[in-house]
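Chain lettering (A, B, C and D) follows the sequence in which the chains are written, and residue indices restart at 1 in each chain.
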Amino acid sequence: MAVGRVVVERFESAVLQGNPLGDPHLRRVPVYLPPSYDEQIGKRYPVIYVLTGFTGRGRMLLNDNPWSESLDDRLNRLIGSGACGEVIVVMPDCFTRYGGSQYLNSTATGRYQDHLVQELVPYVDARYRTLPGRDHRGVVGKSSGGYGALVLGLQHPEVFGAVASHSGDVVFDYCYRGDIPKFCGEVQRGGGLARWLQSFESKVQKKTEDLHVLNILAMAACYSPNPATKPLGVDFPIDLETGAWRQDVWERWLDQDPMRLLERHPMALRSMKCVYLDAGVRDEWSLHLGARLFSARLKQHRVEHELQEFDDGHKNVSYRYDVSLPKLAGALA
Amino acid sequence: MAVGRVVVERFESAVLQGNPLGDPHLRRVPVYLPPSYDEQIGKRYPVIYVLTGFTGRGRMLLNDNPWSESLDDRLNRLIGSGACGEVIVVMPDCFTRYGGSQYLNSTATGRYQDHLVQELVPYVDARYRTLPGRDHRGVVGKSSGGYGALVLGLQHPEVFGAVASHSGDVVFDYCYRGDIPKFCGEVQRGGGLARWLQSFESKVQKKTEDLHVLNILAMAACYSPNPATKPLGVDFPIDLETGAWRQDVWERWLDQDPMRLLERHPMALRSMKCVYLDAGVRDEWSLHLGARLFSARLKQHRVEHELQEFDDGHKNVSYRYDVSLPKLAGALA
Amino acid sequence: MAVGRVVVERFESAVLQGNPLGDPHLRRVPVYLPPSYDEQIGKRYPVIYVLTGFTGRGRMLLNDNPWSESLDDRLNRLIGSGACGEVIVVMPDCFTRYGGSQYLNSTATGRYQDHLVQELVPYVDARYRTLPGRDHRGVVGKSSGGYGALVLGLQHPEVFGAVASHSGDVVFDYCYRGDIPKFCGEVQRGGGLARWLQSFESKVQKKTEDLHVLNILAMAACYSPNPATKPLGVDFPIDLETGAWRQDVWERWLDQDPMRLLERHPMALRSMKCVYLDAGVRDEWSLHLGARLFSARLKQHRVEHELQEFDDGHKNVSYRYDVSLPKLAGALA
Amino acid sequence: MAVGRVVVERFESAVLQGNPLGDPHLRRVPVYLPPSYDEQIGKRYPVIYVLTGFTGRGRMLLNDNPWSESLDDRLNRLIGSGACGEVIVVMPDCFTRYGGSQYLNSTATGRYQDHLVQELVPYVDARYRTLPGRDHRGVVGKSSGGYGALVLGLQHPEVFGAVASHSGDVVFDYCYRGDIPKFCGEVQRGGGLARWLQSFESKVQKKTEDLHVLNILAMAACYSPNPATKPLGVDFPIDLETGAWRQDVWERWLDQDPMRLLERHPMALRSMKCVYLDAGVRDEWSLHLGARLFSARLKQHRVEHELQEFDDGHKNVSYRYDVSLPKLAGALA
């Protein structure tokens, strides 16, 4: 059977140069080229950008696992069986020292949305035989990557013509809020933000609880950066000294919630050739409730879309790409 | 060494008769009588009411454990060593089918506050040689029992003259809110409220996750009962169909938060002979943040009090009674 | 409905006086007297001794729990409904500093079997209106208590005429052996036996893992005591310095395995009026395999008995007393 | 900084063709070529074979992780800093349907030792500029891979001149035996071996407990295959019907324990240029005890070697390659 191949681009980002966290501006970005790419040299292909979740970056989609396909193996199977049309798939790296960027621009982390939209998309179009235009360009992701996909669709419908979100971060009141007091308590126990971070980074083994704390730090860095705030240039929706709630900061988070973004950009998703959502009904962050509420609001805005629910939790659901990739490939063909 | 003794009262409550959950109106209420009680028959003693946490009732304070003292053994040791003055200790039973009543009156569960204040206190005073008056009557508890103690102090300063709260439920935004979407998800997966409850009750083993769900049901029954709502006469701060947040219902919860009750009854706690709070700095429900915020507000209201923090989580901290009971006994002597 | 009552005996044991662990020789032993006991004052009753598992003692059988009956409530219900005949039930306390005695005599812990057989049984018969003789005296227990029941039946058929074991320790190769290297590793990490024990005892919270370590210490103290061995007078089936297996010590354990005891006392259980076994098919220590293998061997020895399996694990299975108590009461009537 | 590169060989194995589990005979085997490889085209290099643990295969050593280096990144750093000499590193794939082969020949799984020794080593030597001979060829691995390294050193000292084992499977009585009754219980609950396996394979999410069961199946397939036994051609050290221990089968396992292999091949490890062992002192399978006992026996056989212990458990310890690879590279230079 003919299979595609993966080129790992070493992309030197001008946008990420000198980013505030000292993260590398050289990024390794795998690009999957479909089976016929090297033979049908006049042919052009739709492109799908696949965004990883928190603590992930593009290369991890290619990781080998004993009982779960890597993304290239998955694409080879889906395309080989005819279930999915031939597509170029790009796997960006927007990882940061805090575990992720939410694919947003932030003074606290860097301009990751610009990196994607202004740099990576043009680069891929220039270097590979893509079908030009937003009608042939889609974006999908899981968890924070699903969030990124929705936001890119909402804010850059001129760039992306189809979006899919697996268990994407929607309804921040449900998926983040409960972890914020825990974050505050752990940071206090750890001796403050700077010392907590240092201690986290020096740990040989990062535990699940550590990552829940890091997650809130990362989200704050993405949603409520503030260059004036010491030591990290980040505001938090909770006062780290007193533990008091800071509703003003929380409102800044909510402004980035896809629920609110949808109200500000109601037409963006209506222009999409495909809007697909799903989530597991045992999602530990209640993202299935988020998906449902988002879907209900989409209906009110008359955005055609599909919502699927499946019987699983939040983790290890990459098998859901079997559903989204063929839909996107079909819509973008 | 002289030791006290425990009488287990079988108290027939008029107030709880015909309660909406069909819970028994006959309650077994242990009363600890101090070592000298049977000898110094002219002597009168201060009284402390000890309120258990969620899923508890008074008798459980007497449970034998391999490495943790029962309350009567603890009192015998504390009194025997002179660390604690002689007191009568009453262990009420306000358990319900949902796991607890928060020691409140509710149309959905029963009039448990009335049961305590109108029935049990007079009964104890009539039957035992107590020192009369609120200046010699205190209340203390852990978790939901700490909540109960604070609320009784705030709402009935004419009955209780000293309060202590171990890891009491304060700042509902932190201790409950994060569990509410999870509750909604589990109830939906369980086929709705009635079926979830039935399934819970038929389980031979109740799991920790089950109890987290039950906890939100119980809190709603206490904080936002509504006789008009089917099937349980309870409103929820989340729409169990759509998953949408219901801020109006949540405001009814917040009205019962000790933080708000304090604003409505600012003088009540100032009249106390002792106000004591503590919480573990690893409290899984962030109740140490709650205690600190409550303490800060007490300061602003010039309520004399003491706040202690200790290095532990929420569970199995009955050893903290070693701190509160002597303080209360001293203040009420 | 008529209910029984519980007398908590404060039994001063001559046998346990000066025991090597400094454990109290004064033991609180609850005795349940059936509903008719105080009215039918000429009537005599069969007696059942109920033995708790590791870390337990008799009083804990009376502990109040939100969704699980205490033993006295259970007996009242079973007897009240006619499911179970009227019996006197004795709840011995054979707890030790190490968490339990296995109801055996040991130079490292004390003579707990003698305490039961030589002291407690005669005392109960003298003090209460029991039916005299082994044909009216049974013993049952859970986990270590199930072990105790089997051993008492095997070694003292002149004292007990019926035995029942819930998830009793049988086939030591399965239930203990896997934990022994872990014990060795933890003791080494803890700085040796004495320091580990000191550290365990000073912990406010005993964790599950700690109790698994303690369990092996306790079993060794029961099965392979050795007055010549420092510091605790206990041999271990593993060399605590090198980690090497000590088959000679292990053989001493195996000699106390009901599997081997059965071979030495083949007639004892055949004389029983009731032999009942059960275990959960998800028992974490594989005691259901132990029960099956023991049952198979009983068959070969033509011991009439009953084995039940149920769909649960090892913990919180006191509801199984609903099965064993009526059987024992019936056989001993 | 100059970095090495990875070639992923697609190796068509004659030895594995038609293997009994239907596993692929085409294997992807990454080969790391050091930084100078492409420039110094006359230079030859030592070779190190790195063997993954259970459920692993060579490619997984290259997996990208947020806070843990992939093996190629690790080698680039170690070599780049001068800490480690330049080496070619081969990452074999001996994965099977059961999760692994222990790098042994077995009628139940396939001839994985032959595949390594007879096929892969000659292939690598023929295709890459290796330093010829066992004095320049080493093998290292973690867990099952550590086991594989020790066994290859013991059984094929003519092929490998240096071995290192991280937390390798040694002293089977400690690392496997305790899991065998649990395996039996789970297989019985799952409806027998064939049905359990089918059910395992159909699960979208494999749980930790499932993998513990699979592990014993895999080990039996490696250590006690038996073509005459239905349905899988594997004997087990426990009777899957009755739960009885089968010491004869267990002896076949023990014959493959490095402890016994050492007695049969005492000279093999003495001929090594490097023997290195380590394990975490919190190893959940007590492999640190195994390492110590093996080390003690090596001393008695006068095998020069090094044993290190570190403060960690069994999982996620790939950082230990920082210690072993430089030692091996140095010894093999």
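Here is the rule we go by: contacts are C-beta pairs under 8 Å (C-beta built on N, C-alpha and C of every residue); 3 or more make two chains touch, one makes a residue touch a chain.
Remember, predicted model here, so these are calculated numbers, not experimental data.
> Considering only mean CA positions as chain centres, point out the chain farthest from chain B.
D
> Taking each chain's centre as the mean position of its Cα atoms, how many Å separate chain B from chain C?
36
> If you average the Cα atoms of chain A and of chain C to get two centres, how far apart are those centres in Å?
The mean C-alpha positions of chain A and chain C differ by 57 Å.
> Which whole number of Å gives the spacing of the CA centres of chain C and chain D?
44
> For this entry, which pairs of chains touch?
A-B, A-D, B-C, C-D
> Would you tell me which residues of chain D are touching chain A in their complex?
Counting only chain D, the residues touching chain A are 55-57, 59-60, 62-67, 95, 99, 204-206, 312, 316, 319.
> So in the complex, the part of chain A that touches chain B is made up of which residues?
173-174, 177-179, 181-182, 184-185, 188-189, 242-245, 281-283, 286, 288-289, 292-293, 296
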